[in-house]
Structures are given as structure tokens and as C-alpha cells.
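Let me begin by handing over the structure; questions about it come next.
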């Protein structure tokens, strides 16, 4: 078991929970995300959202042999992997060779091809039997998309990916610094879970913390956790002292 | 009587009040919602709005044999029921078999079919003689609907469902985190009742509380109540210590 | 004299003042509203605006035999009366039979018939010689009406109802919770009077208070009053302790 | 000399200053408004703006035999005069008979006739040789008028009324309660003077205060003054204790 | 040397700096504005922006025989000069006769002639060899002008006036009271310098202060200065006590 | 080694890091920017963004013989260089002669030529083998550009400049004074790094500080640093005392 994986005795191939094996996290949400759930991971730049999301996939591949797909609308695979490797020493080689990690790289797209793109993702989820999907990010995807079209896309995710394929989805939602509202006003209601990563200033330092705002079907923590980003481990969570 | 039902001696088939039998709630509003009233249940994600709404229907079925309809524009029946069962141990089997609980599942819809959808709901209310209806949620329904069209839809609810059929309606209104205004500016004025569920940060913890802002025709509490979400019981309300 | 009527020795058929006979209110405004004035009653949901307005009409009918019209764009007569009767024990039977209270019920309307609607109200005011009119509410009426059209409608009210018929008008203006601005930016300037009902949180409780912000032609109180909503009395006002 | 006129020895027919003779005011602005200046009087409802404006005209008529025109886009002459008489005991009879006070009453107007209206005002100013003009209010006038059109109208005021006729203009600018910005973003820069009347809550009471924010060509007070509205005197200003 | 000119031994005909000779100011910015720079002077109404700008021109004419142009989109020459003379005793006669001060008076203009207007200004700058130009104000000029058109106009200023003619430009930017953002979001980035004049309430008094936010190519003060507006001197700056 | 270059023993021609050699900065970000990264430098006017950016190029030229391109959409080369020379004594002569510093000067442009412009920049990066590029600024560039078009432009930068040419890009993002949100809502998510320069008022003085909000692939400081702007050195960073 790699050092960056949370010590947990369960097999991870649990029928009802998609464990993250991220240190300090699964215990906050009752053991793992409910399978076939749609989780929004919202937060400020630099709070570790992508790190969390890739570890969710890497750990699923390493611990449970579950295939994960990272659909990136922002970063190129090569650079993403290089940065994650450098920062945290993650090993991408094995899961990429085994096919348990797949990276889908999308260029910015015209609003009228957004649905097509999602159909491509659906196709890949079906072909690979992926059980975990990351969408990075909804903002990049929803540039100039109308609210009604956003609803239709979310419907594809919910029905064809989550319901028909039993895949658990983490969608990243970027929050601008200085903006207090989260999201476009529809995603956070559709989602089964809403995890918020915040950066805040304490004295002269930026700090990061996370809180689970919603998780349907689970008893979850309702307390802020400190977010740690350590070399050779990636993200982990620690109870914040008051 | 199931354990998640508030101990109350009255039969529930009272001509003028639709009891919720939710622990700690009916006493706040003078015994129950006025029958044939239109109640807005507004609140942040993760504060228990859907839990409250489904318990309103389940308890009405179990205690008073009243048929209830859950019209969902967000979640699929299967997943909704699975989550509610897992979280709170609610028993959906009996009311679904008896037909005292009915689930209507709508996909995201184009603005021009919103009225048709409501006509379908009206038809079902008439056919089943439902006395309780939940709409989850107005936000999902009103995506890209003009204020004037919203008024016309609310008119259908008020006249054909509430007035003609004597059905009590709870409509959920999602409030974004970080947003202080409630609603679109029309629903909360039309409604007979406005219950607000809030999540707030105290120290390092998210807490939940509820307050009755308006309830026409009833003497009601004007004090914040703590919202509890317990396994095997669902939602309940407790007086908040100052 | 009914118990819910303020003890006042004057006849109420005073040429220049339209008394409300609401406990604690007339003394705040120098004895009553100036006749033929246009009063905006603005406030949050659940603060007693409709209660105030209906008492203004009921008391005018009972004490001064003045005919009053309640033009409702939100609630149906039957439900309105049932709720008011239940909450406060008001007796609607006599004034409705005598015709000193009339209820006009409007369905949501297309913007292009708003002027026609007002012509209907004018006609009824003329036919009945009504001296008191309530409009509930401007928001419901002004959905999707342009500012210039709003001006033209207010002109009908001001000229044909107020000036030509000597009728005193109370128009309700709903204010969303969490919104600090009042009105659409035109009504509150046109109005002769502006009464604001606020709900606010003190400790864990919602409280209500009222203040007279403007009343042309009168020396008026400029102090917050506590709003009380008591069974069998309706609304009353009490000096707030500091 | 009427009781509501500030005791001042000067004749008022001073070539360069338009005195207001309002108690406590002229001394704040170095003796009076510069003749041929354009003054914005901005403020919340109920702070005495119209009272100030009519006293500016009444006093000009009584003390200096200067003709003043009150151009009202909101209130009818009859009601305006009745209210002002009742509240403050002002005597309108003499100046109206002498023609030293003239009331122009405008109905709400379509945006395309706004310029025509101003031409009518110009015509009246020329015919009567008026030296004082009140516009009540810019908001009512500028409903649905584009910024460029607003500029053109202000140009008529500045050139044809102020410059060509030597008339001093007070334009009322209504400020909504709860709104912190003043004006539409153009008038307050064009104006030679900007007087702000504020209502504010202190403890449980609404209080009123005024401050001179700008007055070109004059040394003026930069201190808040308390606004008093007394029967038989109208508006007056008093130094606020700190 | 007139009394309102800062005592400074340098000739002012310095090749690289455009001195203001305003008491207390040049020392804040390292001796004067860099020649051929574009300075934004932003501030609330009544803080002395126009006074500063005209003194920049008057002093340039008196001390260095540099021609200055005041391009006014708001005030007429006659009134501007009368007000400035009355308030501060400035002598306009000599520089106007000599042609070292020129006043350009523009009426409000349609958006499509804004570029033409600037070409007129360019022409005048070339003809007169003006070394100082004031634009009063950008807001008046940019009413209903698109951001792209604003960019093109600023380009004319930067290239044809500043770069080709070596003229130093002060552009006034009006800031509404109660608004915290400065400018339209483009000018303050294009400008070489940004001076902010603020009015603020301290106790019951309005006070004025200034700060240099940006000045390319110069070491400048980063401390608030008190703004004084004295008869017979005009504007001056004084270090604020903490 | 010039005096304004941070004392650092490494050669700078490091394969993976683009050092800035700015005093106090490289140590904050783990030694330098990751090569081929896209860095947003956001901040208020007058906080030293352009100074930082030009030093990034000058130092790269002097210390590592890397060619740098300054693409300016705001300032002309001549004036930019003059101001930077005057303020900080930077020597532009050698790098300009050697061609290791190149200045591209763009006039304001119509939205439809923005892509063409970027193709020109790409061409120059390819021809010169530039390893460092500054874009000053995104705001000037994105005037009236749609979000979808902004995405496409950023794609050109990311793919053709950064990925294909291995060039490190610093893009300046101007933040208006008084505005708390950063950026247009897309750039800061696309970027690999986000450095924020803030000006803030402390007592009566404007101060400047910087913080690294995000830097993919690097362990970075999360603490505010004081920004110093010294003659003969340019920008440097110092730990802020608490």
C-alpha cells in the first residue's frame, strides 16, 4: 500500500461506498462516497481540489482496481501529470499502463458541442466500465452555456453515467477569490454531495480548510477540517483546533 | 406507530389541519399546516428540506391514510428512496404498495412544457385524491421561466390543486450558500407559509436551524429551532438554548 | 364597538382624516391618514401587512360606515377570509352583507391588461362610493410591467381614484427577506405616506417592528413601534422599550 | 416678515446670491446659493426635500419679489398645497394671486416627450422672468430615459434656463431607503451644488440630517446639520451636537 | 509670484517634469508630473478636482509660459471662471489674453461624435503647442460609449496628444458618493498616474484627503494628505496627523 | 551581476525552473516558476506588477541568456522603458541590442483581431526561441471579448506558446481599486499560478503586499510578503512582521 493511502482495513470494493482512501477524509463521510452519487467539490484556487480528485482516482485504481477517468477541460494531461508527480510524488505509470486511470483532454469548446462532448465521456465510461469519474471543471465547461442547457448536461451525467453505469462522479466547481456565492445556482442543488474547500487569511498567512455541506444518504461530519498538502502524500485532512 | 413519528393523540384526519407528526414541529405552528395551504420550505443545501418533505408525506400516509405525491424535478425515485432509507431507515415499501405515496419523476424540461407538466400533476392529484403534495424544487422548475409564467404556474397550483382539490402543498426553494436573499421575489409573497432552514457556521462547525417566518391563519412560533437529523428518526426540532 | 377597535372618541367621519382605529396606530400619525392620500405599506413576509390593511377596511365599515374595497392580486377571497377569521376572530359577515366590505379577486394577469384591471377597480370605487381601497400587492401587480407603465398605473390610482373619488389608498409592497432596498424605485416617491414593517432577529427570535418613514401633511412619530399580532384583536402597536 | 423666514438683514435682491431665508441654512453656504446655479437636493423619503424646495420659492417671493416655479412630476398642485399648508401653515394664497409662485403639474410622460416638457418649462421661465425653479423630481422625470437623453435635458436646463435666464434651479433627487449610491451617475457631477438629506436610525428613532457635499464658487460648511420639521415654521437646520 | 503658487526655486521649464506649483503637492511626487504622462484625477464630488486641474494650468502659464487647455464637457467657460474667481480669487484675465490658457467648451454629444471631438482637441493642442491639457471629465465624455470605443479614444490621447505633442494630460474621473469602485475598469490601468481625492465623514464633518496610488517613473509618497481649499489660495496639501 | 539581481548560486538555465532572480521571491516558490507554466500576476494599480514582469525578463536575459518578450497592450515601448529606467535605473540597452529583450507594442484592437494578434505573438516566440513572455495586460486584451473567445485565446497561449515552445508566461491581470473579486472568472482557474499583489491602507499610508495563492507543481509560501519598490533595485520582497 503506497504511503499516501489512508490506512483502512476495508477492501474498497464495497458495494455501496466508493472510498477515497485519502487520509482523514473517509471517516468524515461515514466511510466513503455513496456509489453512483454526484459530488460537487467547490473551492477557491489553490486549495487542493484537483489533488483530491486525482487521488480519488489513483487510490480507487490501486486499492480496488476500479477504473477512473479524469475529464479535463482546463489542463493538458502531460502537464497535469508532471505537476502532480513533482508536487506529491504520485506514481501515474502503473495505472496508466493498466488502463485503470484514463485522462480525457478537451480543448475549449463552442457551446453547441458541449452535449456531444458529454456523449463522448459517456461512451468512454461504458467502454471502460469506469466506476469513478472526475470533471475538471464545471466552470470551464459551462462558459456561455444557458441554464437550461446546463440542466440537460447534468441530466446526461445523472442518468447515463451515474444511474446506468453505477459510476461515482466528482465535479470540480471553481470559486473566484472574493466571491461568496458558490456555483451557478443549479449544480449545488442537483448534486448529492457538496464539499467546500476554502482558503482564508489568518494573520498574514493563507490557510485552507474543508467542510462537508451536504451528503445525501450519509451521516457526515459538519465540522471544518484543516487541509494539508504534503509532498509525497498529497492532500490530507486534520481536525482543526478551535 | 413508527418511532419516527411524533407522539400526538389526535387522529390527523382533522378537517382543518394537516399535521406533519414530525417531532417538535406541529407544536410550533399551532398543531399542523392549515389544509389547502401553500407552504414554501426555503433553505441552504444540506439542511434537511427533502427529509422534512418526505416525512410530511410518509407520516400523512401512515397516520391518516392520506395519499401524498412527491413531484421531483431533481432526483430519481430509486436514488431518492435509497438515500432516505439508508440515512434514516424510513420504510417506503408499505405506502408505495398501498399507493398512499406516489413519486413523480420529471426530467429537466424546456420552459414551454412547464405548464403541461403541472397539468399532469393536477391530473394525478385528482385521480388519487391526494391531500399532500411536495414540489422539489421550485428552482429546478423555474430555470429560464419568466416571472409572468411563474405566476401562471403558481396559479395552477393555487387554484386547481389547492383550492379545487383541498390539497396541502409544500414547495421546496433552494437557497445558494452565500446568498442572503430568499426566492425569486414572487413565490414567498404568494405562499401562505414560509419556513426557512438555515445552515450557519458556529466556531468550526456547521449548524442548522429553522424558523417559521410566516403562516397565514395560524398563531405560530417566532423562535429559531435547532434542526436535528438523526438516523432512524429523520428530522426533528429542538428548542435552541440562547 | 368590537374589542379589536381602538378606543377613540371621534366619529371617524371626519372630513380630513381616515382613522384606522387600530390600537396604538392613529396617535402615531396625528389621528389618522389624510383623506385622499396614497400610502405605501412596505414590509417583510409575515409582519402583518394584510392584517393591518383589512382592519383599516373593517374598522372603517364598522365605525364610520365607509365602504372599503380589498383588491387582491395574490389570495382568493374565501381563503383570505378564512385565514383572517381563524387567526384573529374578525367578523366579515356583517360588512360583506351590508356591502361596506368588498373583495375583488384578480388572477395573475398579462402586462397588457394591467391598465384594464385598474379601470375595473376605478369603476367599482365609483359605483360603491368607496372611501378606502387596499391594493395587495404592488409586486404581484407589477410583475413584468415596465417602469413607464407603472407610472401610468399609479397615475390612474392618483387621479381617478384618489383625486376624483376622495378615496384613501393603502398599497402593500412586499419586501424580500435579505433585501435592504425598498420598492421598485418609483412608488415610494409618489406615495404620500410610507410605513415600513420589518422583521428582525433578536437573539433566537424573530420580532416585528414598524416605523412611519414619511407622511405628507401630518406631524408623525419617527420612532419604531413594536408590532403585536394577537388572537381576537389583530394587529396593534406598542412603544418599544430601548 | 412671516415667522418661518430666517432673520436676515440683507434685501435678498442681491445680484450674486439667491438667499433661501430658511432658518440655519444660508449661513452654511456663505449667504445663499450662487445665482444661476444648478443645485441637486438628494435624499431619502420623508427628509423634507419638498419642504425645503417650496420654502426656497415662497421666501424668494415674499422677501425679494422673485417669481418661482415649482415643476412637479409627482404631486398635484391642489394636494401639494393642502399638505404643505396643513403641515406647516404656509400661506400660498398671496404668492399664487400675485403670480410670484407658479405650479406646473405634469402627468407621467413617455420618454419621447421629455424634451418637449422641458421646452414648456423654459417657455414659462422666460414669460414670467422666474428667478427660481424647482424640479420635483429628476427620478420621476428620468424613468426610462437613456443617459445620453438625460445629458441633453440637463443641457437645456443649464443653457436655456440657467445661463440665458439667470434662474437658480433646485432639482430634487430621490434616494431609495437602503441604497447607498446617490443619483444616476451624471447629475451629481453636472450640478454646481449637492446637498444631501439623510434619514438614519439612532436607537429606535429615525433622525434626519443634512450636509453640503459640494457648492461651486462658495465657501461652505462641511458639517452635518440636524434637520428640524416644525409646524408653522417648516424646515430649519441646527448644529448637531457630537 | 502670485500668493497661490508654491515656493519653489526651479524654473518649471524642466525638460522632464511638469511642475504643478500647488502648495504641498510637487514634493509628494518627486518634483512634478513626468512630462508626457497621462494622469487620472479621481474623486468624489466637492473634493477639489477641478480646482487642482485649473491650478495646474494657471501655474504652468504663469511660471513657465506653457500653454494649457481646459476641455470641459460639463461646465460652461463663463460660469467655471466666475466660480473659480469667486472662490479662490484666481486671475484668469492675463493667461486668457496671452492665450496661455484656453477653454474648450463641449455640449453633451452623441456617442458617434466623440472621436471627432477628440480630433478637435488634438488639432488645438497642435496649433497652440499646448504642454498641459485637462479633460473634465471622462465620465461626461464616456456616457453611452462602449469599452472598445473608450479604448480607441484613450489611444488618441496617448498617441497624438501625449506622445506626438509632448503634452501632459490630467483627466478627471468623477466617483459617485457611496460607490467604492473607481472608474470604468480601463482608464486607471492605461494611466501613468492615479491620484485619488476622497471625501469621508469624521464625526459629524466631511473631510477631504488625497493619496497618490500610482505614478509610473517616479518615487512618490504613499501617504494620505489632507486637502485644504482656502480662499485666495485654492487647493493645497498638508500632511495628515495620525 | 547587477545589484538588482537576487544572490543565488544556481545557473538559472535549470531545465525545470524559470528563476526570477528577484530579491526575496524565488525562495517563496521553491526556486522559480515551473518552466512552461502560465502565471497570473493580479493586483491593484501601482503595486509593481509591470516592474516584476520586466525584471523577470531582464534577469532571464542577463543571468541565463534567455530571450524574453514583453507584449504590451497598454504602454508604448519608449515610455515604458523611460519610466522603468528613471524609477529603477534598469539597463535596457544591452538586452535590446542583443535581442534577448523584445518589446511588442499593440494598439487597442477590435475584438475580431485578438486571435490574429496572438498568432503574431506565437510567431515571434517561435522565431526568437523566447523562453519568457509577459502579457500586459489581460484586461486590455479582453475588452469586449466574449468568455468563449477568451477561452480560445488562452488555449493558443497554453498550447502553442507554452506547450509547443516551452515558454513561461506571466500575464498581468489588473484589479480595480475597491473591487474584491479577481479576474473574469476563467483565467485564474486556467492558470498554473496565481500571485496577488495588493495595496491596502494602514493608518494613513498605502502599503503593498504579495501572496502566492496557487502554484501547481510547487511547494510554495502561503504567507504575505511586503513588496518593496526601491530605486536602483526595482521590486523585492520581505517577510512581513505580524
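Quick notes on this one:
In order of appearance the chains are A, B, C, D, E and F, and numbering begins at 1 in each one.
Rule of thumb we're sticking to: contacts are C-beta pairs under 8 Å (C-beta built on N, C-alpha and C of every residue); 3 or more make two chains touch, one makes a residue touch a chain.
As the structure is a prediction and not an experimental result, all values here were calculated from the model.
Common neighbours of chain C and chain E, by the contact definition above: D. Summarising the inter-chain layout, the chain whose CA centre lies farthest from the centre of chain A is D. In the contact between chain A and chain F, the residue numbers used by both copies make up under half of all numbers at that interface.
Centre-to-centre spacing of chain D and chain F amounts to 54 Å, using the average Cα coordinate of each chain. Work out the mean CA point of chain B and of chain E, and you get 62 Å between them.
Chain centres here are Cα means. That of chain D falls 31 Å from that of chain E.
For chain A, the set of residues that touch two or more other chains comprises 179. Taken as a graph of touching chains, this assembly forms a single closed ring in which every chain touches exactly two others.
The chains touch one another in a closed ring; read from chain A in the direction of chain B, their sequence is A, B, C, D, E, F. Interface of chain C with chain B (complex): residues 44-46, 74, 76, 78-79, 82-84, 86-87, 107-108, 110-111, 137, 139-140, 143-144, 174, 176-179, 199, 201, 203-207, 231. Of all the residues in chain D, the ones that touch chain E in their complex are 16, 34, 36, 146-148, 151-152, 154-155, 158-159, 163, 179-183, 185-186, 188-192, 194, 196, 211, 213-219, 222-224, 240, 242.
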